[in-house]
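Chain lettering (A, B, C and D) follows the sequence in which the chains are written, and residue indices restart at 1 in each chain.
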Amino acid sequence: MPPLAHELASPQQLDTPDTLHTKEWLRRYQRIRQASERLCEPLCTEDYVIQSMDDVSPPKWHLAHVTWFFEAFILVPFQPRYRSLDPIYDHLFNSYYETHGVPFPRPSRGTLSRPTVAEVYRFRAHVDAAMAELLESPPPEHAEQIVRRVELGLHHEQQHQELLLMDIKHILAQNPLCPAYRDDLALPTEELPGDLAWLEHAAGIRELGHDLQTGFAYDNEGPVHRQFLEAFQLANRPVTNAEFLAFIEDGGYTRPALWLSDGWQQVGQAGWQAPLYWVKREDGWYHYTLGGLLPVDPQAPVVHVSFFEADAYARWAGARLPSEAEWEVAARDASMGGNFVESDHLQPLAAAARGSAAAQLFGDVWEWTGSAYRPYPGFRALPGTLGEYNGKFMSGQMVLRGGCCATPSDHIRPTYRNFFPPHARWAFSGFRLAREA
Amino acid sequence: MPPLAHELASPQQLDTPDTLHTKEWLRRYQRIRQASERLCEPLCTEDYVIQSMDDVSPPKWHLAHVTWFFEAFILVPFQPRYRSLDPIYDHLFNSYYETHGVPFPRPSRGTLSRPTVAEVYRFRAHVDAAMAELLESPPPEHAEQIVRRVELGLHHEQQHQELLLMDIKHILAQNPLCPAYRDDLALPTEELPGDLAWLEHAAGIRELGHDLQTGFAYDNEGPVHRQFLEAFQLANRPVTNAEFLAFIEDGGYTRPALWLSDGWQQVGQAGWQAPLYWVKREDGWYHYTLGGLLPVDPQAPVVHVSFFEADAYARWAGARLPSEAEWEVAARDASMGGNFVESDHLQPLAAAARGSAAAQLFGDVWEWTGSAYRPYPGFRALPGTLGEYNGKFMSGQMVLRGGCCATPSDHIRPTYRNFFPPHARWAFSGFRLAREA
Amino acid sequence: MPPLAHELASPQQLDTPDTLHTKEWLRRYQRIRQASERLCEPLCTEDYVIQSMDDVSPPKWHLAHVTWFFEAFILVPFQPRYRSLDPIYDHLFNSYYETHGVPFPRPSRGTLSRPTVAEVYRFRAHVDAAMAELLESPPPEHAEQIVRRVELGLHHEQQHQELLLMDIKHILAQNPLCPAYRDDLALPTEELPGDLAWLEHAAGIRELGHDLQTGFAYDNEGPVHRQFLEAFQLANRPVTNAEFLAFIEDGGYTRPALWLSDGWQQVGQAGWQAPLYWVKREDGWYHYTLGGLLPVDPQAPVVHVSFFEADAYARWAGARLPSEAEWEVAARDASMGGNFVESDHLQPLAAAARGSAAAQLFGDVWEWTGSAYRPYPGFRALPGTLGEYNGKFMSGQMVLRGGCCATPSDHIRPTYRNFFPPHARWAFSGFRLAREA
Amino acid sequence: MPPLAHELASPQQLDTPDTLHTKEWLRRYQRIRQASERLCEPLCTEDYVIQSMDDVSPPKWHLAHVTWFFEAFILVPFQPRYRSLDPIYDHLFNSYYETHGVPFPRPSRGTLSRPTVAEVYRFRAHVDAAMAELLESPPPEHAEQIVRRVELGLHHEQQHQELLLMDIKHILAQNPLCPAYRDDLALPTEELPGDLAWLEHAAGIRELGHDLQTGFAYDNEGPVHRQFLEAFQLANRPVTNAEFLAFIEDGGYTRPALWLSDGWQQVGQAGWQAPLYWVKREDGWYHYTLGGLLPVDPQAPVVHVSFFEADAYARWAGARLPSEAEWEVAARDASMGGNFVESDHLQPLAAAARGSAAAQLFGDVWEWTGSAYRPYPGFRALPGTLGEYNGKFMSGQMVLRGGCCATPSDHIRPTYRNFFPPHARWAFSGFRLAREA
């Protein structure tokens, strides 16, 4: 939970917003908006334009879409003087809000050369100037709502910062030239994580989810509710590349008995033989990273695996994936430090030995859980168009927890629910094992 | 729980199997096997051959596949004298057991004119004779295992009896001639279910699932485990056609805000405007039933809706679908009587007014729950190839509960977990609403 | 040219039709209609129902469709007393006549179990009775038009007799049981065709096409027109299996330089490695025939190859395919005897040595030409809905000439233009080489 | 026929190549290479990257591919000192030469952000420098072959100049912002073409095709051969927008009887209702042009229609398309002046009234003919990999003649055979009517 968000978003304060308050939000706004642009600095203009698969968006689209969010949900409703640069942007940069006009078809985002990258940056500057003016002197009757939406918009932008890195990686990885996104990334530390250990958790009723009255969280993280957990054991660290290689070498990708039916079909259709971005060469396995093509580090957590692969590995290992509730119980008391985007590795690192504590719950790799992404009891989506933010994706996806090496550190929470379809691999997704006590 | 199964499957008896015991099983075997053939009596030879979509199998394939199950899992391993009629049947009629050879491709089942219907019946008779011989005098050292597999094989065959009716309905419904499967079905009783009422359930820890030591259940129904349920309310009956029509007339199929994202996409791609089999005529809505094209009965439960439609309706109605745990808690103490295949309606009927009790939990329509189909804590699949029976389908599907008008009454249990992908509509699937207390 | 047709269809006679004349046509009608049913005698009911790919129609559909042709184009317009058995048949059995209502979707023909096979035969009998009545005493003012349409309808039915055999072969060939259509087919004679010889043709203007005033021909065979042909050489017989095997063994299917671009793509997508129906076993190549799975006869013409394969072979052999004009010039004076459906082999046979004459121009295998199927100069389609018979298929297809072992011998002419897309292989299609003089 | 090419390519001179000779070729090389770059000057960097459909290539890919042609077929074989900038370029920029390594998959060209536009221009400069050096002092033993390949390479580059304009138009047309490629295009002259007139051509033997010994032509234009043409009439100008609008308004796109079967299917699947790029607004039809969205000029030739649309229009008009032979006979003696890329309209213009002569045979719009693209009698492809240039596309395509407003004027010839699949519309394709005499 970012301290600023916690402090500012508490309902008491929002009841009495004032200029001081919104000015603090403006500084936060500016800091996060600049972070997005900093992530794009290493790109060539051409990199901004590519859509390498339907799920990927061109980087310039990301930059424009997050800007549109502020325009559509804050400036247009609350700033009467605001003028859009081009009314068609509202169509082009609406991602999926069906109740807000007709979104431009997602698979065609890569056919748009215009607005150019420079024009997208002008759009950002235009909206930023209007947002600064608004936050300098907000209409008092809307100040609370504006702050709530700025907060949501900034979390939204941070999500897209991670998506930017995922998508840039996917875009550059298609290219036989294997260009590095950056060649000055922070070097990995040399760690030798010890043997896998199992941490015990007793059975009992647990409180889960986020109290949406106290500090920011997405609607899908609440409300707080109770679950009964049977006793379970959780691995003290994620599965490593070395361990996953043993699965590969044991024929893991060729044995249907290890796979869910849909997963086995996917293996056959897509020809999977290793995690995404892995390439076998004569001298061993390499993988494409944002720093270029590098040898796979055996000690680092395996990454860019699908839920299907995580699930098959767990079956092979005689274990299972934790439920999201089990994960959350373990993570409640864990330190939230970790390898996030600020560490500037942009690749998961080997865990330091930690004795009995669970390592790497936060950062490094998103961890697939065994839980389908469904609403909590009592879930209420946000009202209006913003209600499309999370709730409508609650079918066909699995929950991941904990953030990764591309996540901003102040964007993650123990209750944070990320989600992807079970075949998706382009997120920085790994996994940790669990088993019955 | 069918009393016979309960009695016979108890572990004590299985520990001391004897001829008397297996002879009882033989009678049960013969009864259920004959029921499958009786269901096919109204068919023309041509009807047996059609595969109207990938999910549907030709009726003669069903008849052969359930027979193969006994051949492959009982006769071949336990009856050394058994000779197969044709070794290729083992390929043709293996549905999806990847660890048992290569199954014939599912979407091509409708390209097989041979073996003919008569040859399939000969295959059934051949296996039945061998099974009778085996059950008359089973090898004592395998008797327990044989009985266990017979029991599983009969439940498997009963599942396919329902699939037969679903598939026959789908096959005949494609035909512009709208042929009735039968014109002598039992007539519906005239009932006027009262207004929907909400039944209260308090919060608390509940035991769920089936104790696999006491009476038959599929592996996916166990083990017994605890869940904490927040307080909830459950509707006293399923949603009716009249209620669903109000949703249609209120633009339910045209308002994206009511739908899950995947559901909305499906509505657009498939052009859904009403439940499957519904046809609008000048004088109102008709639907294809196994008795031919009939006017939609406003009082009967809506059927042949997908999870997406059930979920959209619930959102429109300000409610939600129950979780499978909530459903099971409510069904634990309910009567298991209902409109099953034996009532010979083959169509859901209007509920009789019941005062405060929940009506139609069993029979009439399978009820979509809001729960994704995933393993219970501590789930163990059956060993060997039979482990592919249930566990490998635990992704991408939603749970349905309670059986329907095409289910054999002794095939259902409060813990029974049926499952289909969220877009599927050709099962007799309806739903019941729930909401927070 | 069948003598009867020639005699009857001459315009003078048609100007004065009388009962004698139409009674002769009735006998011809009955003979050809019976031939269709005789072809189906070896089928099981189940075989009649299958559609093994979009291009294939279920045999019972063929039997009904050719019957519909007489109903829709003769009985309905010219017999006021005629009553249809079921008005929906007009929808179900319209193949592609868009100007005559909406045809039932072709790829769904295999989803229709009804009308049953017995009902289809009743439909045939119903139409046959009405046709007999009409031809016994036709309305004088329509007698000429009726005779013209009967003639067309009978040629149409003969085309479908060949399609029936092609489709039955394709249907049974899908089945791992490899059932034979018949096990009493005529045995091949033992012939050793000599080495390939080249027959010379001088350059010059040639008259091509059929004079539509003198004897029956399809509209696409006319009008008579002139073409200039440069001098060319034509092979004295089709390419044999032994020759085609040499192409396979020389890597023919793996060398892109031999293939048209579309053909090479097809080879890759479909995984072609040999002609359709060929299977490699330890002891050599087999192929599925209407008599079951048999060793490939090296001396017989290769069959079930696509235009792409014929074209690639020709390039490999330093030759080319003849144009349809070249083929027609050579065939004008050739004997029209050959291995047709009446020989009851249903498989091409080795050519008898013939000295200098061209062998097998007629019968055995349809011969791919290098000519795209386009209209002749001055082409006029039939008026009205019958104009859809041929003309609308004049894009994307290549011309084949000469008939095959499944063609009725009185259905073929030197000017007859058959056509299939260049990737099609399920016709009895082979080829003959040509080259520049 | 460009005079320079004619003069230089004559075999006598090629027999005695010398430095003077190749220096002239160098000047021609530089002129044409610069023309490609000039066409791209109006583009933003982002425009260079987009692939708007599989058939379209990103402009930077075109610029690199034509450069690769000189590298792969001239520099690598004939200039031992030549060093490639990056060996992977040989993979990335090979279009379809299967006998020259594995081409990068065509539909993925739009996933390549690197090499960047600047790097592609560096690649061009690198190859241009090496070509200049080679042409300044060619190895005498290879000079003739080098000149032949330079000539082919330059014609190849000119083809891609037209493709560049076609693809740029398609790319920009996807964009709801409707950006103009240029806003300074030459203005159309105001012409009122008179009524359509028919020009008579007598029957007779005609010589067709190009003598490949006298001046440059592609291999597919030869050899010279004879054809007999029946008498025919050819329209004096292409069909105009006004005429095509009458077809639309007469229900042309809704009447199956007017269409080839494949065309009618395409109309339904693609939802065609007008030519490509046409948009109906309240005040009439507009179309996207390289100068932006403009009202359709009724007098100008219709453009961006498929063969299917041209054929349907001709049937509606009671006429037909000319064969390519008929077109060539008419064009042999016509003036080759016209609206080519040099006129800088980049859009077809209304024909000036011309009395009895045929107008616009060259330039303005490519004219669909009724001829499938197949080899002439005696056709020989170029030897080696260059043999893939034309011959392997000789299936599934129709011939177009005459060049268009985007064709370089010195790239066209009366014998020039362009070809596209019958459904293609993104070329500047129109048509002219013919009919029997």
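Keep this in mind: contacts are C-beta pairs under 8 Å (C-beta built on N, C-alpha and C of every residue); 3 or more make two chains touch, one makes a residue touch a chain.
Here is each chain with its UniProt name: A, B, C, D = Ergothioneine biosynthesis protein EgtB.
Keep in mind that what you see is a predicted model, and the values were worked out from it rather than measured.
Undergrad: Fewest touch steps from subunit A to subunit C?
TA: The fewest touching-chain steps linking subunit A to subunit C number 2.
Undergrad: Under the document's definition of touching, what chains do subunit C and subunit D have as common neighbours?
TA: Both subunit C and subunit D are touched by no common chain, going by the contact rule given at the top.
Undergrad: Using mean C-alpha positions as chain centres, tell me how far subunit B is from subunit D in Å, no decimals.
TA: Distance between chain centres, rounded to whole Å: 61 Å.
Undergrad: State, to the nearest whole Å, the distance from the C-alpha centre of subunit A to the C-alpha centre of subunit B.
TA: Chain centroid spacing, subunit A to subunit B, equals 38 Å.
Undergrad: Report the inter-chain centroid distance for subunit B and subunit C in whole angstrom, where each centroid is the mean of the CA atoms.
TA: Whole-Å distance between the two chain centres: 47.
Undergrad: Check the chains against each other and report every pair that touches.
TA: By the stated definition, chains touch in these pairs: A-B, A-D, B-C, C-D.
Undergrad: Going by the contact rule set out above, which residues of subunit B touch subunit C in the complex?
TA: It is residues 44-52, 60, 86, 88, 91-92, 104, 108, 110-117, 171-172, 174-177, 179 of subunit B that touch subunit C.
Undergrad: Sort out for me which residues of subunit C touch subunit D in the complex.
TA: Those in contact with subunit D are residues 96, 98-99, 203, 205, 225-230, 232, 256-257, 259-264, 307-308, 311, 320, 323, 370-372, 374-375, 377-378, 387-388, 392-396, 398, 422, 436.
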